[in-house]
Amino acid sequence: MSVDFCGLTLAHPILNGSGTFDALAAETVFGAELHKRFPFSAYVSKTITLQPRLGNPPPRLWEAASGLINSIGLPNRGLVGYMEHDLPRLAQLPVPLITNVMGADAEELRELVAACDAQQAIAAIELNVSCPNVKTGLDIGSDPSQLEAVCLAVRAATSKPLIVKLTPNTADVAACAAAAESGGADAVSLINTLRATALHPRTRARWLGGGNGGLSGPAIRVVALAQVAAVAARVGIPVIGMGGVQSSEHARDLLDVGASLVAVGSESFRDPGVAGRIAAELTGAPSAPLRASPGR
Amino acid sequence: MSVDFCGLTLAHPILNGSGTFDALAAETVFGAELHKRFPFSAYVSKTITLQPRLGNPPPRLWEAASGLINSIGLPNRGLVGYMEHDLPRLAQLPVPLITNVMGADAEELRELVAACDAQQAIAAIELNVSCPNVKTGLDIGSDPSQLEAVCLAVRAATSKPLIVKLTPNTADVAACAAAAESGGADAVSLINTLRATALHPRTRARWLGGGNGGLSGPAIRVVALAQVAAVAARVGIPVIGMGGVQSSEHARDLLDVGASLVAVGSESFRDPGVAGRIAAELTGAPSAPLRASPGR
Amino acid sequence: MSEAGAGRPLAAFGRRILKVTRNEQLGAYRLLWVDDAAGPVPAPGQFAMIAAAERWGGGCDERPYLARAFSIARRLGNGEAAFMLEDVGPGTKRLCELRRGEGLAVLGPLGRGFSPAAAGQRLAVVGGGVGIAPLAILQDALVAAGAEHVTLLGFRDRVHAEAATLLGDPLVATDDGSVGHQGFVTELLEAELQRDPRLAVRACGPPPMLEAVRAICARAGVPAELALEAPMACGFGSCYGCVVPRRDGSYLRVCVDGPVVDAEQLERVA
Amino acid sequence: MSEAGAGRPLAAFGRRILKVTRNEQLGAYRLLWVDDAAGPVPAPGQFAMIAAAERWGGGCDERPYLARAFSIARRLGNGEAAFMLEDVGPGTKRLCELRRGEGLAVLGPLGRGFSPAAAGQRLAVVGGGVGIAPLAILQDALVAAGAEHVTLLGFRDRVHAEAATLLGDPLVATDDGSVGHQGFVTELLEAELQRDPRLAVRACGPPPMLEAVRAICARAGVPAELALEAPMACGFGSCYGCVVPRRDGSYLRVCVDGPVVDAEQLERVA
């Protein structure tokens, strides 16, 4: 069940959601087993920005009903740090690397994309357009015409596959996908997290250091399915579906409404082995069962 | 803890969400106890349309993680049937009546609102603007400028309090609320359900007779809290908050981010007694405990 | 639609936490007993919305979330009430594991039950599978009233047919012939109608069985009351989720207009 | 950051379902034992992300959803491992009710543990409340290595202090004086430092206690390793949710850069 995706040949349709699996930390924790049983057919980096970011002050997590809100704030070493420190190690992963980037405007994004384009180790680029526009406060990606303009601007900077990760916090995600397509995107991915918040049980102030955060996990699965279906029905380019996937049935749902690939996000937090099981179940490969002894 | 809401004096801040409590059916099922222990300080009708509607073909329900998708399709007797059949009985309820109406365009809404305005038994009117615009397919309420125009058009048709029930399926719910305010709304209510869908486990076609549906319940609570907070921070008119409320703590969260009233929706399905308990807990009144014998 | 409710036993307004008294195996099913001595006495055919008081959720796909509808299968003089459970998904799975002393959240009794037999009318009580649940309490009432009736039950196989003991000593059909008549319970009904064409029928079971009963009764011109099922969110008429089309194309709400409906109302049972 | 992990026992990649062998009361706490004979041997101070294999969810506010972090409190020769639980919310509530034979989903061992004592170095093992959990397995290792140490534990009251037995016969302080010294465990540490100013400290407990330990050690110029806590989604460095600020303003991830950190890295424990 190998999948052709924008010219890349992937072993199966399961990826990670950006920011939900740190392959470098996982090497430390799981050692060689990680590479031997690498669960994703391509690895998506967390979001990289031009400048380094520390991320939001803690607390960064809130557990919701069947989900979690995160307000991590995109900590990363910045473009230079990524290229120097992370990329050489990510290049050693047994699968193609997709680098996810975010910028405050088209110019920043163009710079990030151009830098990625120059790296052989990067197989494809994902644009995270859930960044709030400084003027409107809305996600850049929430307005179709603005999104199309951004895509046109960065498209010129790379010949690598360009994936636009749409924001779900919009009235018409299919229109946004169509805008990305006409802006030259090779694929779209969705859904990112739903804007959400929580209060401190005692102080009544916002719980999260970042104020608002994004909801992920099973709670958003049926919203994701509707958005992915709407997008897949509208655009001709491939769609990467994600949101609350916990099992091969959930992945199958997304594929059946038109996704070409499926990403597993929060569920990997609960079990980093789940994506491998899902991939095996989808491809009919013998799956590593849940068992008491570590599999080696 | 009586609450002044747009000139109405309500005994406490807990209402029902439109379409989630049928007081007439409940009379049949619970008898006189319903009136004696009526849990809401005002009763919101389900959505009434100009023409009668049968609603969507079944199945109309899908159970999601910590929530449910409904695709009921607004079955109702139509304006005339409502006025003749339902209103006289709803007028007997021990609390003020808020009638919720939906129309395909401003003209339909104006007609519905004018008809409600003429009824003494109706204390306030709620506009459900989650109706898809026939041309764009988007909810009328998802575009601020369109929403403002609708509000201006209906505002003239009534001097009763006018509540606009916002759609959550939009990029900027606070901008929509501000548009409703400048269009003359006396209050806004939110959130309505999040667009969602599910597939038939076997046939892989859409499960719901209506194709898509709306997600409600605990799964959407933290999304509701963020939207209510954003709206309350933006507008000067009162806000009715709802979405996933199951307990007085959840109601308190919405009040603390700026809601004046809180509506209980899906949780009443699980326990029609819950809203009464929440109201009692908020007002410090002795609450009817969960117990084995019916309270009379 | 309140008309439908005339005279029905009313539910307490709000769910009540009852104590599980027994959880018994009954062939392929479980019989879950609760102490409901303080609750309203249900009419045969009424149901309740039930949920485990603790840990309702966290099963397959993070379900169950909503309460589940179950016929009240029996009510004893001491106030014990029984639900008959078939484990088909996350809700029934959780309910099946409840133990004595644990809490069950119950809303009910709900819905419109079976009507009593008209004076001198002989009834055929026809059920299949877990659909026999409301027929047990119905039969209890018929026996108490001294009403003449015959009970015909259908099951898949011997293990499922063990549940027939819930209704004393009925006529049984099994798909595989391991118990009683080999074939459908509707064949027993047709034979019975041959003998006594003036029967009235009370039936509950899987949709294909109910549809067959409906068609047989329509052809024979005998009145039938069918206890329907539909997925429910609330059970008390508020969600409009449980609809089934009437013959005239309008919808009835199974929870308040049923679950027991006159077969004539329906074009067919789907 | 992989540097931090040099030599740490590795976790199996993916969670494993282990069988609960015992669930014992330990004063105000519970000791949950699982059979992990097939699993990697943890280092003292490492933790695991754990969840009930069934019915994880459906508690208060429809939680828990994420797994929960627990120090590995003990590991026996037969492969049994213990977690010490304090019931503070929906996750610990569910874990506390697990019975022998039920399944526990375990990811681990995770994180950076305590370093072994340097040659000739005497250790003060300082803990409070449920924070004594990783100190039990640490003490087991110290005893096995014949390393000189003193163990100082603080609790609220007598019921909580019963848990001190987990570490044999330590010096105990209680807030209410019902057992041992009346006052804070840090007072015991200060007395100990008076006697032996060249101690090294290993500590785990509530943040105010750890902060006091940090401040005392900083003033006394003795090295301290503190086992921190932070809310965690993953436990293996992927979510970036468990951060704590370093002295230099950058953040460390408690799950991979800790939970055991050199006190010097921190400006303060909050």
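Going by the order they are written in, the chains are A, B, C and D; count residues from 1 in each one.
What we mean here is this: a residue touches a chain if its C-beta (ideal position, glycine included) is under 8 Å from a C-beta of that chain, and two chains touch if they have at least 3 such contacts.
Note that the coordinates shown come from a computational prediction; the quantities given were computed from them, not determined experimentally.
Contact with both chain B and chain D is made by A, C. Between chain B and chain C, the centres computed from C-alpha atoms are 33 Å apart.
Taking each chain's centre as the mean of its C-alpha atoms, chain A lies 48 Å from chain C. Centre-to-centre, using mean CA coordinates, chain C is 54 Å away from chain D.
Residues of chain B in contact with at least two other chains: 64-67, 217-218. Shown for chain D are the residues that touch two or more other chains, namely 57, 61-62, 65. A complete topology is adopted by the chain contact network, contact being made between every pair of chains.
Taken in their complex, chain A has these residues touching chain C: 66, 218, 246-247. Remark: chain D residues 54-59, 62, 65, 94 touch chain C in the complex. Put simply, chain D touches chain A in their complex at residues 1-2, 4-5, 8, 10-19, 35-40, 51, 57, 61-67, 105, 107, 110, 230-234, 236-245, 249-251, 253, 256. Residue ranges on chain B touching chain A, taken from their complex, read 62, 64-67, 69, 136-139, 142-143, 169-172, 194-199, 201, 204, 212, 215, 217-223, 225-227, 229, 244, 249, 253, 256-257. Note for the complex: chain C touches chain A at residues 61-62.
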